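As written, the chain order gives the labels A, B, C, D and E, with residue 1 at the start of each chain.
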């Protein structure tokens, strides 16, 4: 088990990591989710021992390893860039940690062959990394991480620089491959859906802080605050400022809807509601009556842009001062400047109080 | 914060985005019209460079009588006597060996001490690093004439006068900063994630440095060695002051061709030709490194 | 000459290599057989006696490794390649005789003087530094050395009085500070064949009204230069003068060596003018340098000095090949051998060997030279009793900072290369005479006709008028550097000769003042005079019976005088026959009127 | 102990070097105690740290002294006052 | 690349520091000591205060030589940098010819400086030198020993011959590091040759060119051996650069005090100018890095 206890790291005037405490269990898959510069890599480097924390302690299986140099820890790490030793062959690249550990040749050979087989690199063992495609290079790096049989495997956006197809392919394989090793598996990504696909547990990061850590679907469904919700939403979460009076929420324009049952007993006041883009549906034309009767709410917005991606359409629209994104099924043709009516089910909204803490979340399986 | 922007390193490793050979060829073909005309510039430039050198070589094969009695485009009385004088006299040819020896020693020392320093500059920030770097560069700026006497006294205090080591050490003054500068450029081109990967794999620093890192910057070492060779080989003032007979450089031996009995043009030019040869050989060996090395590093 | 040199080198090397490993008489005999033969002023028995002395004296230093250094001229090459290995074989002392450029020798010497670190165990440097050595007391005083510390390593057969350059290396205190190793003089050089050509003679006589011959004064030299310049001889344009003008240290020597003394700068006196020498530096009665500018009684910027600079510039521009302006001493030296130069005002006899090579344009088919050397002409300020030219005396110098045992071993080598055993042979190779006994050797009587007057000159009493820089110069290296800079300014026209010399003497006095301020040279160091105007000093000179500084002459173009070369040579021989050699005091220029010609009025 | 008498030491130059080394040591200590070098962009329009400001001060002072020697017969001590003012200026504005 | 703070890196720099301090700091301190004293040998020194500095700063020799030095550096940079760029632009980009060009072009860089001087001194002689002979046979009155203008031309041409290749090598290095995509884009945009140079090639070469300028400036400002061998600083003082005066003073006269003062002044001037170059260089370099487009 890896435990970070109140770990912080400050470089000069910059606070890279602020008071992070995490417990990662063995044989689990963990995702660090956050936008660029949120501190994922910094956190990984602290976990690996590449950097030492400014304050706080790191425990590995109950042992304090805070100042221990990386080479004395049993960790493996794969970077976003395809980092291999350019002057060594793929075989030697994969064998490298074993060679350093002084393993006998036969054992090395067996382990390398097995890892290469698993990562489909067997035909390329005699090449040097520079003669491989990006995907193959990253597979080599992954094989090296695998072969080491590390207690802690850190993958820092390993698929970000790959093209779509390779990414899909590897993403499926990765959890399986590392699941067998019994290691603590940590995977950093900027993409919420990648986190959802990987499952396991997720820690969301924002500005060097862990905003929430828990079961991935749980974090997604019930973010503890607005920050986490924003982090764990792609396309971006639509946030609208509303005012609760009695049983109804009233927003800008003519927006008004009744609070779902779980939020009825919230005190009156100002709130923010978060609506995930795919929860918005498109009504017809300006002034048309909202569909779905009292259980649904709707508002009118001005379209600024539509993007069609195969079977879905992104509609960007202005609603008052807010920018709204809706993800709707099918190919829709809406011209910029058109007024559209967007509808949602109040049962699916996230409600945050003024400090950003979650005041209410959907209870149903609404992810 | 470690936002890993894709380094140039990564870029070079992706064939699609780098200038592939095919694309280059295409460009050349597309410019064939230009190409014909353009080729004359380097040709004329190289001719301009070579004619004086030709003149030196041609003089070295003429007897003095022919040299001073007028202009002949090529040797009319071809002779090897000038070279014979040098190769038959140990006090001549040994100086040639002396020069090579201290130049090679200097190359080795300069690169050896510059490697860790360049690594530090390329990988870490530390107290006073920028000023230290500039201070190192300032050592190339000191006019050496006045420094030669302190040099002489310093090295004689250590009993090093007239040794190859003394010259090799003294030339470090201007070669080490240059080597650090060049190597730092090359090392900065290697992503530090490679270093970390190695540490994660369990490499100790020396082992990583020797096995992984040095091969990676081989071109940089080649270029640095080339420049060290160059500046040590052409330097005369310090080398002359620190040596007497046992380590006397060839360039210093050349002054003896001028004496109260006139200037021995033949031997002087022959010795001059001989001083060009080691340089030419060195360039030939590092030519690929130079082309490639310059492209990678920032020299 | 070079071929002969290399041949004998190879021979000796083979002979020595095959000999036994132990030093001793065997090797000495081999050396005498192979290298010396009868080319010596000593008999074989005496040679062996001298060698035996060297073997015995060197006994304590066997196996020692010493380094000595000299400039590169044929004589030193011979020493380095033949005599040094022979000495090593005979005595067991390992000698490295290093050859470097002359400037480098001085630089090494200065480095040793400045730092006190021993670089070479002995130096052969020009006796121009005698004033420097004497005043700084950094070199071993050889008179004391030979009587004291170095007594056991001083050859009883050395015969100091046999050295013709002894007076150059003796300081005013009467002590010998350096031991001459090679000497050569600056003489007038001309094309004997052209001067004796009937057409040339007739044309010259017609134009100038007097006979073409060896010019005795600058006035005649100028006429001859003008006469030949542009003249076509054997289908070639020729020049009436040769010199050099590149800004280079050797440009300075040209003036400190010869131009000023020939012009008549300074006072009378041999080897150097007293109290004002040819550099224009005045000394007090106690030999303390007291001024360089006329204002302090010196003569560096006096009329004679300015006149010499002006003539140098005029002639270089008007009568010398244009490329001469970009040449150094070493480059210009071989030019007359190309056959386009009619005469040169002074020319180093060190070039003799190169000028008598077969097949070059200035040598006849029978191997005799088409040229001759003769005394240089003198300028309008020159008077009898002054030095007339320069003679370089490369001499052994032992520094105080050299450890005594190393100095002893080096001293042995120094004596070996100037010993009577080897000196005749060495002189045949390098033609740089140092010993009276060698000059008188029969082998040179035989060889004289092939040497263009060299032997005749050295046998003549006139040769004492050719001397190096004297003892008035307290710091040769510092002062000599000032000359080429300042004369370079005059050469380019950025300063007039007078301005250049004013700047030069001021710079010299600045060095003198610094020496005075520091007081390093004690009671023989500089002590500058009060400044006065020129008249004051002229009056002083009159009162003291001296000459410098001479006031400006109204007519600097005096009556030209020439002399027939053959008459001149005869007069040298005559005086040799009639007068036994004495140091100094000789009437040098032939005065017999019938040999000289002046324009008929 | 190696003989260093050839270095021709004098008291004034020795004091000069002691002051320079003391300044460097002082800067080192300052930087150690409060790292970062307080970078800012002053009138030279690029970022300087206090190390850069020291360098500019020293180089500028050297030129002030040279200028003083060139232009004035007065004692160099006055130049030192100008230098001090200059250093103050540099640390304020650069 | 983000660098980590680590003061232990000093240990890596230590060997260089010790070595360079040994060869630089001790001699530099000695020179400072010399500069306030006078000496006549034997390691004896006499206090001279700031006399030497005053003497040199007020001497017209020094001012003239400094001015000539600045002129020379400016002329040489003005010729070598554009010429080097032009040659680099027209060099082949691949194939055996690259090696051939590089090797031939690097040749002059590896010739000892006194030999370079000797080559040109002989080459430019009107009687035995190919260049001088040809030029004067073309009817041009050329004599570098007599005419200051000819001497300057000779010295400048020699320096161009000697050092332009350094600029070529560096500029070429900058050029080959430009990805082909840039040219493709320019072609699609229909950019002119000049526009390609101005907006693609020149910015990409910026850094190496500044290095070339810095190196060339330092070396041309300290040039000694080559012009000394060719002209000896003449005719007159027309090609007497600071270093020629300095060497004459330091090595010829062994006037260590004045020479030390002069070299300190000289050093400070180079230091100032180099610092300006360096500051520009690093700031331009930093701009270039920050403007690098993220992928």
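FYI, a contact is a pair of C-beta atoms (placed from the backbone, for glycine too) under 8 Å apart; a residue touches a chain by one contact, two chains touch by 3 or more.
Since the model is a prediction, treat every value here as computed from it, not as a measurement.
Asker: Which two chains meet at the most C-beta pairs?
Answerer: B-E
Asker: What's the chain with its C-alpha centre farthest out from chain A?
Answerer: Of all the other chains, the one whose centre lies farthest from chain A is C.
Asker: Can you check how far apart chain A and chain D are, centre to centre, with Cα atoms defining each centre and the answer in Å?
Answerer: 53
Asker: Report the inter-centroid distance (CA atoms only) between chain C and chain D in whole Å.
Answerer: Chain centroid spacing, chain C to chain D, equals 54 Å.
Asker: If you average the CA atoms of chain B and of chain D, how many Å lie between those two points?
Answerer: 35
Asker: Measuring from the mean C-alpha position of chain D to the mean C-alpha position of chain E, what distance in angstrom results?
Answerer: Roughly 28 Å, centre to centre.
Asker: Touching two or more other chains, which residues of chain A qualify?
Answerer: Those would be 12.
Asker: At which residue positions does chain B touch at least two other chains?
Answerer: 1-2, 6-7, 68, 127, 134, 149-150, 153, 191
Asker: Which residue numbers or ranges of chain E touch two or more of the other chains?
Answerer: 4-5, 26, 30, 34, 39, 43, 127, 251, 254, 256, 271, 275
Asker: Applying the document's contact rule, which stretches of chain B touch chain A when the two form their complex?
Answerer: Interface residues on the chain B side: 1-4, 6-7, 9-10, 12-14, 191, 193-194, 196-204, 207, 212, 215-216.
Asker: Across the complex, what residues on chain B touch chain C?
Answerer: The touching residues are 64-65, 68-69, 88-89, 91, 149, 152-153, 156, 161, 240-241, 244-245, 248, 252-253, 255-263.
Asker: Of all residues in chain C, which touch chain E in the complex?
Answerer: 103, 107, 110, 113-116, 136, 138, 245-249, 251, 321-328, 475, 477-478, 481-482, 485, 488-489, 491-494, 514-515, 517-518, 520-521
Asker: Would you tell me which residues of chain E are touching chain C in their complex?
Answerer: Result: residues 38-44, 46, 125-127, 132, 143-146, 148, 231-238, 240, 248, 251-256 of chain E touch chain C.
Asker: Of all residues in chain D, which touch chain E in the complex?
Answerer: For chain D paired with chain E, touching residues are 5-10, 12-13, 16-17, 35, 46, 55, 59, 62-63, 66, 69-70, 76.
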